[in-house]
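Supplied in structure tokens, the structure appears directly below.
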């Protein structure tokens, strides 16, 4: 949907070709990479959701994992107990999570800043408790198992099939978010983040839009959680604990709060970083000997990166990359014949 | 009735440890507006340092304790000097995440150094215990109760009367103004982190003494958040009272409510209570309301 | 004047913070279509009063009627929705956004497309967005001379321009009642002149009622239809500029020598 | 857009370049190196160390060296799934030594139908033990449910009438206790279950739960949790005055940390043993000691020896497969199938005293356990090896 400008079209086509052909390549790593891509795509959707809430609207949430859990449970319950098909379950996951999100967002009428963040943290713990103890629905700590639906005789959680599903949905999520911030709703979110009082005084119903932000954010989280459930085929309360929420906050911080592609970069980064560290540590393993050091090292690097980003690049990877990108394109522009007018200042929000 | 008394005593004993750890969080918030998610890790690392000095280096206990506090203070100073100083005036979420980052680094560091085993903590306290209303209260709880009470009084007086304490409050309220008044905001912040780190270490030593020492000890940092918020982020008395309330609440919920709701209701009880309180009093029991201006 | 129905009417408005009385039993009647000025020394309660009107403050007593309808219990955004727009003393623009985005936000109350339509961005939302831009281009940007800078980020603009963007944002809602809180404060003579011209033009063109707070007495005396003088949270005098200028108490407590001598 | 493509390409190249070593017999192990329940992760180091030991001592199996890959599943399902996928897809391991109950259940389709890879679970959950449904999953010893039965049987013999459970609010804690109750084990034995008490796994304080135990006053309490929380349970039991002798823990509560930490508050505590302890006078220990001369041992406890036994099992099965294929390493999927089949054939395999002889016909190596009791800060056995069925 208008993703490409005239200039970007070759790249877009190349990307499309890589996207479609890659799953059929036969590297040793193809399947594993597909797995990582799938996990990243799910994370992208979740991170976009959190970014709408936290990055754009300025409401800190430590409950993203809980919301994703609601989505995952919705899918699991609908497909095992009711037996509905996927094309109903995934939107349903989004909608149910939206409702939960609105409830969780209600304290934002009175609570601000860290106090609101704490109420989302409370929601995270409460949801976990509900997952664990509403046994007639969730089967408690044992969790629910689903049999993934089949597409052309192949289970949807087959890495290759799922790849097309998850990446397409992730792209849709990106486009949806981009469009959202072209219109009044998105602008209202940013206004609330920048100065909620002024927003209210110029006629924005701040409370309503905070709830809308919670709703959209949790819709994304719900869909991401639902996808996760289809991919993993199991959901139990351990799957979405606080540390996952923190990972998501880290994604948008590292990627860039309040930026569209920040969510994407952040998700890629946070999903792949542990892999890279793992590989690095495996190379160093003969020297280090102790296996748990790489878990420790992963944690340390993760922490250091968060700190470094906040101290030196508070605007995240999106800013870094756009700086790099503009440097490259500046050079190119100098070389190019000047047959084009000045570049548009269009995407100022990004 | 007898059971209720036992429940309350049990709640207050664990609550006194919550209070002590919550005090550190409040202290940092009060003087720098930073919400410290690394408090739990500071608690854990403090406990490990003592362990290393006493058990691994076999130093005398008093010397080890003195050294531990020295190292912990240094650690606090480093955190402030090399990380938080660069984040003055940053948004709330940046501050939250940066302390989480620090927490990851500290947890990872402890894991790399000591591994993920359980360690038996050295007996730093005399094996003395008191029988209070049918509950055996070991000396560790008495120590932590005492420590949090003493620290409460000390900090209250410190903030109210001492020049340094007043400067800290001024610096937290308005860093620019503080500079104009000739208060070195940096020195004040540095000092806060040193004190907080030391308080966290004290909490860590007490906490590790009542159970085994493990890297997961840092989880306490999350447990005390309801305490901090309940009391009000910037209220020292609130931290102490909140700790005792949350401790008792958990005990009551664990004994009386969990059997009906099932599962481990104790853990969420404090959060449920917290939500209710926040809806009535959005800034906690004793917290100061933030005034907004146009 | 008391026969024509007032546009905005304030009765017995009181406001206090703790023990400090910011407003005490203030009554105002602002007829439709005039330029109504509120003057008084610092701390007289002028800004408190308009903050009560736009509901940033909750008055302790009294009532506010707009178009004969009570709006005392409205929430701030409902006040804006009912047709009252305002500018701010300390420019409350969204500094990270562009001029155009800020002004679009001013028109927020007239936009109908919801989140879902926005995300799809086909049909309704897109049309609305296009109409919005056309409207702003036509009515606001060109008029206030902001077209060349419409894609600049607000934070990068000089003070005078920011004030103008603030006005543009208030106007883009196409209000019937405009509150201006010190619109020319900190401006040089030329900028002031510019601003005043804009205000008077738009007032005339749209038939606005304007409530103005301003310290620049020359401006106030030149353009006001009616002036109310406040001190210590109370109304102490009112009348046409000519009347107010002659009121001895006004001269003593507020205008003092400064105005008398100029 | 450009940037996205660039990033994708970089990632692709990065992954292709990394870690493509030629492996002869790759064996995957994942466990909890960090995260919760690390107290018992010696059993993840064990298999790896044993295979290394065999590589060094005998040059692997019939000249083919093992490549043990040890990864961290953090006791979290998504993490374990990720690690599993990597092991089977990238490292192409012949057999996986897995970890948690939840993770094993999550992977059951992958293990048994999609990938078909032999899987040795550390979890002793009965729910994954089913040669028909899950032909690729093998367990070493008595399931948690078996252990509950053993404990109850023993309590019954001691004249107990009432019983209670205490555990964390996770699958590992809740399921076995509930299974035992649902299978009417207590009724059959004439025991009355007074309560099934749960606590938050990470809570620093369990006094409220112990107060409930005190109120109920059961004859015995079964702890379905591992070392770390067991310490908390016993500590707070002492706090409210419930003697440690009333508590029986499962096989993951047999740790010297417990008496060391609690001193006399742990006196009388009972735990279940399903394999030899570290330092027992058995032939297997000699191997470990030999290995320890040149290597550091991560954890010197009974779980490490459990892992060592699991390593022995893997080596034994691999040896049999290679004997069948006359010393050639079969193609990977073939290898996995043969490995599974040979495993099932394994019977009366002597582990050098690490466990009773192992027979995997029912996918459960052995069914024996005994009860230990802490006396004078040391575990001593108070029962013979009991067979569960």
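Here the chain labels run A, B, C and D in written order, and each chain numbers its own residues starting at 1.
As a convention for this text, a residue touches a chain if its C-beta (ideal position, glycine included) is under 8 Å from a C-beta of that chain, and two chains touch if they have at least 3 such contacts.
Because the structure is a prediction, the values reported are computed rather than measured.
> Using the touch definition from the top, how many steps at minimum link subunit B to subunit C?
The fewest steps needed to get from subunit B to subunit C is 1.
> Return the chains shared as contacts by subunit A and subunit D, ordered by label.
B
> By mean C-alpha coordinates, which chain is most distant from subunit A?
Following the centroid criterion, the farthest chain would be C.
> Using Cα averages as centroids, what's the distance between subunit A and subunit B in whole Å?
32
> Which whole number of Å gives the spacing of the CA centres of subunit C and subunit D?
72
> Between subunit B and subunit D, what is the gap in Å from one C-alpha centre to the other?
That gives a centre separation of 36 Å.
> Would you mind pulling out the distance in Å between where the CA atoms of subunit A average out and where those of subunit C do?
One centre to the other, that is 42 Å.
> Note the residues in subunit A that touch 2 or more other chains, in rising order.
Correct list: 132-133, 197-198, 290, 292, 295-296, 299.
> Of all the residues in subunit C, which ones touch at least 2 other chains?
Residues 56, 88, 92 of subunit C touch two or more partner chains.
> Would you please write down the residue numbers of subunit B that are in contact with two or more other chains?
Residues 111, 115-116, 262-264, 267, 294 of subunit B each touch two or more of the other chains.
> Output every touching chain pair, sorted by label.
By the stated definition, chains touch in these pairs: A-B, A-C, A-D, B-C, B-D.
> Looking at the complex, which residues from subunit D come into contact with subunit B?
33-34, 36, 38-39, 41, 168-169, 195, 197-205, 207-209, 211-212, 214-215, 227-228, 231-232, 235, 238-241, 255, 257, 260-261, 263, 298-299
> Would you mind writing out the residues of subunit C in touch with subunit A in their complex?
Going through subunit C, the ones touching subunit A are 54-56, 75-77, 80-81, 85-86, 88, 92-98, 101, 104-106, 108-109, 111, 113-115, 117-121, 125, 128-129, 132, 151, 153, 169-170, 173.
> Using the touch definition up top, name the residues of subunit A that touch subunit B in the complex.
Residues in contact with subunit B: 54, 60, 107, 110-115, 117-119, 121-122, 125-126, 129, 132-133, 135, 197-198, 242, 246, 249-250, 253, 257, 290, 292-293, 295-307, 310-311, 314.
> Which positions of subunit C touch subunit B when the two form their complex?
47, 51, 56, 88-90, 92
> Which residues of subunit A touch subunit D in the complex?
Per the stated touch rule, the residues are 3-4, 8, 11-12, 14-15, 18, 27-29, 31-33, 35, 39, 132-133, 140-143, 145, 155, 158, 228, 232-234, 236-239, 241, 243, 261, 264-265, 268, 272, 276, 278-279, 282-283, 289-292, 294-296, 299, 321, 325.
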